[in-house]
Amino acid sequence: MSVLQTLVVLSFLFTSSYGLVQDFCVGELSLPDTPAGYACKKESTVTVDDFTFSGLAAMGNTSNIIKAAVTPAFAAQFPGINGLGVSMARLDLAVGGVVPLHTHPAGSEILIVVQGTICAGFISGGGNKVYIKNLKKGDIMAFPQGLLHFQLNAGGIPALAFVSFSSQSPGLQITDFALFANDFPTELVAATTFLDAATIKKLKGVLGGTG
Amino acid sequence: MSVLQTLVVLSFLFTSSYGLVQDFCVGELSLPDTPAGYACKKESTVTVDDFTFSGLAAMGNTSNIIKAAVTPAFAAQFPGINGLGVSMARLDLAVGGVVPLHTHPAGSEILIVVQGTICAGFISGGGNKVYIKNLKKGDIMAFPQGLLHFQLNAGGIPALAFVSFSSQSPGLQITDFALFANDFPTELVAATTFLDAATIKKLKGVLGGTG
Amino acid sequence: MSVLQTLVVLSFLFTSSYGLVQDFCVGELSLPDTPAGYACKKESTVTVDDFTFSGLAAMGNTSNIIKAAVTPAFAAQFPGINGLGVSMARLDLAVGGVVPLHTHPAGSEILIVVQGTICAGFISGGGNKVYIKNLKKGDIMAFPQGLLHFQLNAGGIPALAFVSFSSQSPGLQITDFALFANDFPTELVAATTFLDAATIKKLKGVLGGTG
Amino acid sequence: MSVLQTLVVLSFLFTSSYGLVQDFCVGELSLPDTPAGYACKKESTVTVDDFTFSGLAAMGNTSNIIKAAVTPAFAAQFPGINGLGVSMARLDLAVGGVVPLHTHPAGSEILIVVQGTICAGFISGGGNKVYIKNLKKGDIMAFPQGLLHFQLNAGGIPALAFVSFSSQSPGLQITDFALFANDFPTELVAATTFLDAATIKKLKGVLGGTG
Amino acid sequence: MSVLQTLVVLSFLFTSSYGLVQDFCVGELSLPDTPAGYACKKESTVTVDDFTFSGLAAMGNTSNIIKAAVTPAFAAQFPGINGLGVSMARLDLAVGGVVPLHTHPAGSEILIVVQGTICAGFISGGGNKVYIKNLKKGDIMAFPQGLLHFQLNAGGIPALAFVSFSSQSPGLQITDFALFANDFPTELVAATTFLDAATIKKLKGVLGGTG
Amino acid sequence: MSVLQTLVVLSFLFTSSYGLVQDFCVGELSLPDTPAGYACKKESTVTVDDFTFSGLAAMGNTSNIIKAAVTPAFAAQFPGINGLGVSMARLDLAVGGVVPLHTHPAGSEILIVVQGTICAGFISGGGNKVYIKNLKKGDIMAFPQGLLHFQLNAGGIPALAFVSFSSQSPGLQITDFALFANDFPTELVAATTFLDAATIKKLKGVLGGTG
């Protein structure tokens, strides 16, 4: 019957093609990744659960030195966004909590405050100009790609924010961790930051660094 | 003094360059846009307020036929994200509210539920497969670029969600509005949708279409 | 001899490199695809036949409900274009034939009429504005990425057109098939399209949908 | 009334935004172009005629030394494709006609034969391997970006082909014109091609070169 | 004559198009820039001097606190690379000179040592792993986009290196300058870096910061 | 202890993610490549040696017909740049040496003269305009993507230059090698270049071509 023929004609062509080239590319984490992301999971094995994620529903553990927690939903945690060029993360800031100065090497960010008050800022590279603002519930702020930025709880109650990124894998580099939470030789840290050895060793002690 | 020389040398080089090529490109909406976004506002006139936006703080007006409101923070509303490749929107769904089937021609989407329960889904192009799930507070769901999707309030209280896009200007095309809220000739709508003229005219009446 | 040395020097360097990184990347369909396309076939096994395709030479079967056929030469059918960012398809429209409203989630399109007369149009997302025109032999029309569009035979003879896309895998989503040719629950279709259940069930009957 | 409110709410938001950021960006040729293409024409002045083009309907003038004509529909001739990443051209080959060796510096190509028989080929950069094939009506062939390729009429009747590109402005560099149709000093042409001065001067005479 | 016809036909088509869409887009610095770079200078006014630059020929002034100088050839200094996606810079390191820890927010880097010995390194974001190596004349090293890295003179003579970037405007953010060479409030620097106020004030004194 | 908790919380999240999605993607040459480059080497096996390369330190062998040598550091030779979008090469020109007319199908180039004097030039595609300049030590010149260009030693001493590309695999197509160093049939070379058979056969003899 002609209806079936339609279905045969069109479905065959495009279903077959999409068995191979899909409308999406759910990441198959067991395969090597590529510069464009993970290889695609077989479409026949993809379900709606690949496109949903509950990992941001629970508050992160803020019982730590920064009284803050960052919970990512990047491609590595949420393979359904592989190839889609967007990701999210949850930011919990206890009273007094802070996300130290950091960058996302591969993505721009938008933050939206869902609870509490957050003081956020970034520094431009060209003129070293500082852009800082107190954000209330519902406010959003943009942080251009790769620039140093921070967020801290500016209120008396725990703060909650969600952040979006222009990449499925924006990365994260926390300046203090890059300097003091590894075996970066103290004399090289000193030579490249103008910090004195005593200050460096003290922070390495706090953050678990050596050398 | 050598410190000043440093500042002179480095600041001159890079500040001058960034007076021209910036770390960001806040959109100058008064100039013509380009395929890559708006021309950049002069950096000397940029302030932190260009990077923040409060338009998503207030609930949208859901006193309408769909009992829903979509409030965008795209480059046209929030020029600070111009060139950053990411944007957001607020989604308010009153009880019984629905965002009708629609696509974003130029971006993938991630939705996070902040209040209530939302039933969301999308349809793949290849196999016309339907992916539907009920999302609770804190759940996120991804909608691959350009595919038809919808959201509706699946609970007894108003629902609130924030959505992120992989583009600063993802666009929006609501299927019903594309078909019935304009002067798309009824006979062409019929010929290209299999809907009968009576149904089309009825929906044009509801959505303000003519012809 | 110095000539041979040239060949040795240059050929070695660049042939070796291109045994690995090629000037092209013919898709190896037996390997998993990636967000950027298929993995590359070994260059040593590539022949000119990988870059040619005869699948668009024959008229598609238009003995179906839409009196039309779309024959794709996307990367899945024509692996030689893998990674090249362009693809084609053949469009056959019998008298009275129509390609129903559809989108290409991942690509813009240009159509050229080779035989007959075609009425084609698309609807913008922003203002729901309809752009429609009758195209004669040799006329071309552009359809911006992701927007709803259609083509129908506006003449008394079969029409033939070739379409080009800005992607090797532009995808295809036919609105009617997305709504009525699957198990998309009738009440959800109704809730997200304003169509009544009777209309939906009728079209599901025509297009093979259930639920 | 609530319907109007819907229209007000949604139309206002998205129409306003698309008065600025459009679903498309028809090129405004009177403004300077940018690396991403032309600035966009005001959407309010855009009509369907911006998206259609009849310049490929007529046969090109093949009464010339190559018995061939290339008629482009690039962004400069067809501003409606500005920003869409795809373009077309018409290729007319009289009997004995040839499109000399050339490259498209900024795009890959697919050719479809609509009339006659065409012998086409390209040469890879890595191994200088030649890929040649005779193409009959309906056959398509891909030419990877930037590689030298040619087309010539291999039949006894005029040949017609349409070509598509992965860029709105793929460019064209005909090797012979680059070498012999300008003031490229003969001694430099000789030094960089191994051709002797006599041959170079002869071809400059044919192609209008000097020096 | 047919030769002239060729020139007329082909030259007209393509020269006219390239008066508008060029093979290149030399930046017109007097116009506003865009997310994709500067608007293009009129091709008729472009000369070979737009594609050459002598600003890297002279040694930078290293009589400063870091005994180093970075001389950029980014699009703002060298408009001929506008739109080309690559740029360069010259790095002079006097004996004892150092380029402090910094990032390029928008580009990856390759460094080649032309004179002397340079100790260079970068830190990964994921595991805070340090990658350090002493580079001799002729050695090259890659620094992935957006990651903290440094270079210092590891020999007894002045060192010279040239660096290439994957962007025409990679940007530069020197961590110490971002923290201490502006009005970033001391208490916020302290809160977001774990440094004590005394250390911060001392470095602000050295680098010209206030607040 | 809270410090450890910080490390556990943050390190776990981001180290785990970067075991899968890295800050870089060192090419694993033993796996098939993709349109975006090679699959990534396991981060746990990556060392600083993956990001450094000494292959450009030694002068290339210029004892050949062109008295020149091109030594690439593309992704195939230097897998550390895989996915980074930039690469380099070394260019040695003995006295009288020349790099014949060639293109890089997939990248733009910047050349810097480190020793000697080089005459370099490129030809535009639109107007076949020739841009030529003599470059002294320290001068740089840009060559837009895909356009024919050349370099030759314009001084009395060996010349050395380093070139950077906007791609990790820019490719190389030397026109003479594409025409005369393979089995490209003489009659087709003649038909597509206007060269006479005798000239073609002579150059095939020099460059090792057949047919």
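The first chain written gets the first letter, and so on, giving A, B, C, D, E and F; residue counts start at 1 in each chain.
FYI, a residue touches a chain if its C-beta (ideal position, glycine included) is under 8 Å from a C-beta of that chain, and two chains touch if they have at least 3 such contacts.
Because the structure is predicted, anything quoted here is derived from the model rather than measured.
**Student:** Both chain A and chain D are touched by which chains?
**Tutor:** Both-contact set = B, C, E, F.
**Student:** Chain E and chain D are one sequence twice: same or different residues at the contact, by the over-half rule?
**Tutor:** Mostly different residues form this interface, as fewer than half of the numbers used are common to both chains.
**Student:** Per the centroid of Cα atoms for each chain, what is the distance between chain E and chain F, given in Å?
**Tutor:** About 20 Å, centre to centre.
**Student:** Averaging only over C-alpha atoms, locate the centres of chain C and chain F and give their separation in whole Å.
**Tutor:** Distance between chain centres, rounded to whole Å: 34 Å.
**Student:** Residues touching two or more other chains, restricted to chain F: which are they?
**Tutor:** 11, 14, 17-18, 22-23, 34-38, 105-106, 121, 124-126, 128, 132, 144-147, 171-174, 177, 181, 206-207
**Student:** Have a look at which chains touch which and call the overall pattern line, ring, star, complete or other.
**Tutor:** Shape of the chain contacts: other, as it matches none of the listed patterns.
**Student:** If you go through all the chains, which pairs of them touch?
**Tutor:** The list of touching pairs comes to A-B, A-C, A-E, A-F, B-C, B-D, B-E, C-D, C-F, D-E, D-F, E-F.
**Student:** What residues on chain A touch chain C, complex-wise?
**Tutor:** 2-7, 9-10, 13-14, 16-18, 20-23, 25, 28, 31, 34-40, 42, 82-83
**Student:** Can you name the residues of chain F that touch chain D in the complex?
**Tutor:** 98-101, 103-106, 119, 121, 123-126, 128-130, 132, 144-148, 150, 152, 171-185, 188, 191-196, 199, 203, 206-207
**Student:** Give every residue of chain B touching chain A within the complex, in rising order.
**Tutor:** Listed in rising order, the residues are 11, 14-15, 17-19, 22-24, 43, 47-49, 51-54, 56-58, 73, 78, 80-81, 84-88, 107-110, 112, 114, 121-122, 124-128, 131-133, 135-147, 162, 164-166.
**Student:** For chain F, which residues count as touching chain C in their complex?
**Tutor:** 29, 32-38, 60-61, 63-66, 69-72, 74-77, 105-106, 168-169, 171-174, 177, 181, 206-208
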